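To start, I am sharing the structure in question, which I have written as structure tokens.
Chain nomenclature is as follows: A, B, C and D, assigned in order of appearance, with residue numbering initiated at 1 for each chain independently.
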Amino acid sequence: MDNLLSVNGLIMDFGGLRALEDLDLHVKKGEILALIGPNGAGKTTFFNCLTGIYRPAAGDICLTTPGGSMSIAGLPPHVITKKGIARTFQNIRLFPNMTVIENVMAGRHCRTNTGIAGAIFRGRAAVKEELEVVERSYEIIKKAGLARYVNELAKNLPYGEQRRLEIARALATEPLLLLLDEPAAGLNSRETKELDMLISEIRDLYKISILLIEHDMKLVMSISDRVAVMDYGKKIAEGRPDEISRNSTVIKAYLGEEFVA
Amino acid sequence: MINFSDIKKSLLISVWFMFLTFPIMVIRVNPIDKIVEWRWLNMILVGAASFIASFAWKHYFDKKEKGKSVKTFLKSGHTVFINNIADKKRFRLSFAFILFASAIIFPFIFSAYQVNIITTALVYVVLGLGLNIVVGIAGLLDLGYVAFYAVGAYSYGLLNHHFGLGFWAVLPAGALIAALFGILLGFPVLRLRGDYLAIVTLGFGEIIRITLENWNEFSSGPSGIANIQRPSLFGLELSLQSAAVYIYFLMIALTLFTVFVVKRLQNSRIGRAWLALREDETACEAMGINKTKTKLSAFALGATWAGMMGVMFAAKTTFINPASFTFHESAMILSIVVLGGMGSVSGVTAAAFVLILLPEYLRAFSDFRMLFFGAILVIMMIFRPQGLVSGARRAYRFNKADDKI
Amino acid sequence: MGKRGRNLHRDIILKFNFDSVRFMEYFFELLLGGLTRGSIYALIALGYTMVYGIIELINFAHGEIYMIGAFTALIVASLLTIYGFHGVSILILASVAAVIYSSAYGFTIEKIAYKPLRRAPRLSPLISAIGMSIFLQNYVRLAQTSDFLPFPSLIPEFGFMRDYEHIFSSAELVIFIAAALIMAMLTFLVKLTRMGMAMRASAQDRKMAMLSGVDVDRVISVTFITGSALAAVGGVLIASHIGQINFSIGFIAGIKAFTAAVLGGIGSIPGAVLGGFFLGWAESFATGYVSSDYEDVFAFALLVLILIFKPEGLIGRSKANKV
Amino acid sequence: MLELIDVEAHYGNIRALKGVNISLSEGEIVTLIGANGAGKTTTLMAVSGIVPASAGEILFMGKPIHELTPDRIASLGISQVPEGRHIFQRMSVMENLHMGAFTRRDRKEIKRDLEYVFELFPVLTERRHQQGGTLSGGEQQMLAISRALMARPKLLLLDEPSLGLAPKIVKQIFEIIRKINREHNTTVFIVEQNANLALQTADRGYVMENGSVVLSDECSKLISNDKVREAYLGI
């Protein structure tokens, strides 16, 4: 099987309210899978379960890393990131008072290991590692088209660039799977097009899988290999973009019954 | 600029404050002798001061609100910025050299009294820098920082008293014990949210102080420990005068060491993790940073410096008792960090000097010192939460070919 | 068994009976003492809880408002004594002055130190509050004195209490009754009045309260004023009971009342009352049976333990964090 | 009745509204549709005064309201049912309804309106002493609308009333919205993602993208507009 991530029977409750109901989802290696569905369908909750912010009530999340398959359900967030899942947030959560490069360098944290002593004495290993961190981070920043902002504080960046920086920071953790939570929200059509290109480029360059939540259907249809649709915490459809856009259940969930003309 | 309605408003405010401060500022009764003292002058002073202050308040407040809506993003200023830093570097170097030279000559020109005052100020510089790691960089509001200072001081006092251990042996030991305390206390509390953490650390600080006050067998209670050994120089006992100079130089060295370490930490992997933690805990975890470990390391490291300074303090004064380790001491160190600018090394250093030296040299001021500290905390939070010197971030330079540093 | 043996036996029984009477008396003394203490803690804790409920701020300066209430009462009471007033009239006038002034301070502090920071990061208003607390302590210290001042005992002794005075004094009775009355009034205010409804609405969902036409700034002001008035009453009662005050009494009392508020679940009004009594009893029994040296350590330790292991308090709700 | 003229609004550094022009006449049902993050909610919040307009004007019955505080705006007769309903969780249904009538003092009329609301949503009658937080999603939405009605609004703002509700309940709620509009001549402004339903309910519609209005027309025309169809399912 070439599944990178398999989710089986995932259930999540919030005080009696079932946010996720028996959710199954598989992400293949190297694919871009879009997760769509009306507001409140449980998409972000699902992301929070995947990244360890919420602990699912039941079900299994299995990640296949080069070191073998493992269950990651219920692990703390930083461990999950280290295993290879990185994410961005629906409402941008950068480190606003750190510079652009520092934001990305913070993403390298889990792939480096200089300790306090190393930081103080700056031994050869520490210096080498720090140089490598700077170089790799700058590399990613260039790729994300943010080179001219390197030393700018993150909070001073224009909105669209902040979205890109969040992706860059997530990439710095060297993920196998990148989760993007509404990356195009609030972007204009030019910025959305640029984002479209960036996401495909990232996938090809780093050979990773991408799972994204998105409402911008144009973007979803153009970049995703497959689309999964959620409604009321359940997956109601899954398939190629063209299949999904013709699927009557999906149209009903999205536009209301009468739209199916 | 100043119009009639503003004046009317300020007058009302001034009347309100005269009313508000009336019983406490104007009346003083001696209940035993049944004498009432009316201090009407105070009322006039309050009225005048609040009238003027309300104008200043309004002025700065409007300015701050206006500043918010103006965007500060500079697009073309990027290269200029880097040049600036290069220029600054040369300037900084010469400045540092002059500072260092005058620090060396200082004890040979001024009296032991003056030297002592500067030594005290340096102790607070280091304490400020230590707390700055916890509060300024990692964003964990620690209101019980003085507890670690006390741990250091009592480590030296007790180890010296009971086992005759010398300063040089206890300096690292005290630091280590304080760090251990930091971890010990840190472990359970680090799950807590910001404001709860603040209260719990305050509680720990008070627990330690009250315990020291009441556990007579262990700490000799409120009377404290006297006759603590001064640091010796290669086994030589020094006179009072030369000991002061010796401690002064020790403090200079320790301060430089602290600045060096804090600077290095700040721009390291650990420092970035601390900053990230301060900025956004959830995003921090999502970046693979272990929250608990990062918080603990900040806590322990902050405690280390406090412990070291505790040892230094005990060695300097040769006498310690719990009264030196009250919450007010914590508040003072916090004022230094807040005034100096959270996260800024030079700001904290400057603030420590200002806040410690001002009351020393302006005797009239020293009565008002705590009043002043309280006001600083409030005013800084409202008008300049980033402190006097905002912690500028390190700029990384890449050449045109887009290569490394 | 000889005569001597029998006597010894009787002695032991007598001694035991006597001890058990003493034991019960001592127990009741502690129980009622804890009740008094607890009602004072509850009065002050209510201010913390109400403010926290609405703006999620630990109002560090709340203890100082209590202290200023006590000081104002002391000044007014001394003045009145010098001018020849007597007994209960002094108590009433001094309490009224204390309530007015504490409320005025509470109102002003909110406007200066907290209102400008409504949208600031969480720690900013807390640091501001700490600053305010330090400022007020030293303001009173400089304007008045740093010595302990004797506080006249304003609470009269009742004839009918004479027989029980060694267990439960008249002053304690008055404190308990006053506290209970005030808490009942507060419950009425919060549950049944329009302002109370606005307070609860603002505490639960500030934005929605605004959308419903609630002037939230005003509600916050009223909350500060109410909380401060309660603290002032607490200040007068305890000062009159203990008999001396100085500028620093607010700090410890504040921390303890905060402990009480957290104990019951901060933000919850019945919780604050419950927490107050719990802490009062806990302290009373601990100092009575263990050691009085560590009275304050005990409160702090309780605070630390509660915050670490059950931060939502004994009857509070936990809050899920939102991402 | 309500007029937004070149309204701009900021969230921190982000310009969320970039010159919005919308106008509503009395008795109309108007809808505002658009993708997530387009600025629909911000528009409503600007009308209610929660997010201050940084430029432009908002007029209500001819008078500027963009500098008033939210409570003043509410007392003028503008009620909002915010996204996510925002029921007062620890208040009973009755108390929630009384909160809706917070700006009113006419007790008798309030009583009458209570009866009217219970007639509109009979489920709430059974639940009147239950805590708001214990209601189901649909009941909460009904309560939220009822609460807004208790203010006797001249203008009712609804933010995503269909969010997270089963289709059957959504339909029911939209019918009641129409009924309220008919019976009281209340002007209704609906922000929706569920474009189709909103367009079928409303008289006129606006389409929003990136903080500005890109399209406005009669609903019947918008519904068959290719652009609208494309924006909603990329067909």
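Annotations for the structure displayed:
Going forward, contacts are C-beta pairs under 8 Å (C-beta built on N, C-alpha and C of every residue); 3 or more make two chains touch, one makes a residue touch a chain.
Here the structure is a predicted model, which means the values were calculated and not measured.
Simply put, of A-D and B-C, more C-beta pairs touch at B-C. Comparing mean CA positions across the assembly, the chain most remote from chain C is A. Put simply, the chain nearest the middle, going by average C-alpha positions, is B.
Taking the mean of the C-alpha atoms as each chain's centre, chain B and chain C sit 32 Å apart. Chain A and chain B have CA centres that are 41 Å apart. Once the centre of each chain is set as its mean CA position, chain C and chain D turn out to be 45 Å apart. In chain C, the residues that reach two or more other chains under the touch definition are 323. Multi-chain contact residues of chain D (touching two or more other chains): 13. Under the contact definition stated at the top, the residues of chain A that touch 2 or more other chains are 53, 89, 156. Residues 16, 19-21, 23-25, 27-29, 31-32, 34, 36, 42, 61, 139, 141, 143, 188-189, 191-196, 198-200, 202-204, 206-207, 210-211, 214, 282, 327-328, 331, 334-335, 338, 367-368, 370-371, 373-379, 381-382, 385 of chain B are the ones that touch chain C when the two sit in their complex.
Per the touch definition, chain B reaches chain A in the complex via residues 72-74, 78, 81-82, 261, 264-265, 268-273, 275-276, 279-280, 282-291, 297, 301, 393-396, 398, 402, 404-405. Touching chain B in their complex are the following residues of chain C: 57-58, 68, 71-72, 74-76, 78-79, 81-82, 97, 101, 104-105, 108, 112-113, 116-117, 120-128, 130-145, 149-150, 152, 251, 255, 258, 262, 293-294, 296-297, 300-301, 303-304, 307-308, 311, 321, 323.
Looking at the complex, you find that chain C touches chain D at residues 194, 197-198, 200-201, 204-205, 207-217. Per the touch definition, chain D reaches chain A in the complex via residues 13-14, 35-37, 137, 160, 163-164, 166-167, 170, 193-197, 200, 210, 230-235.
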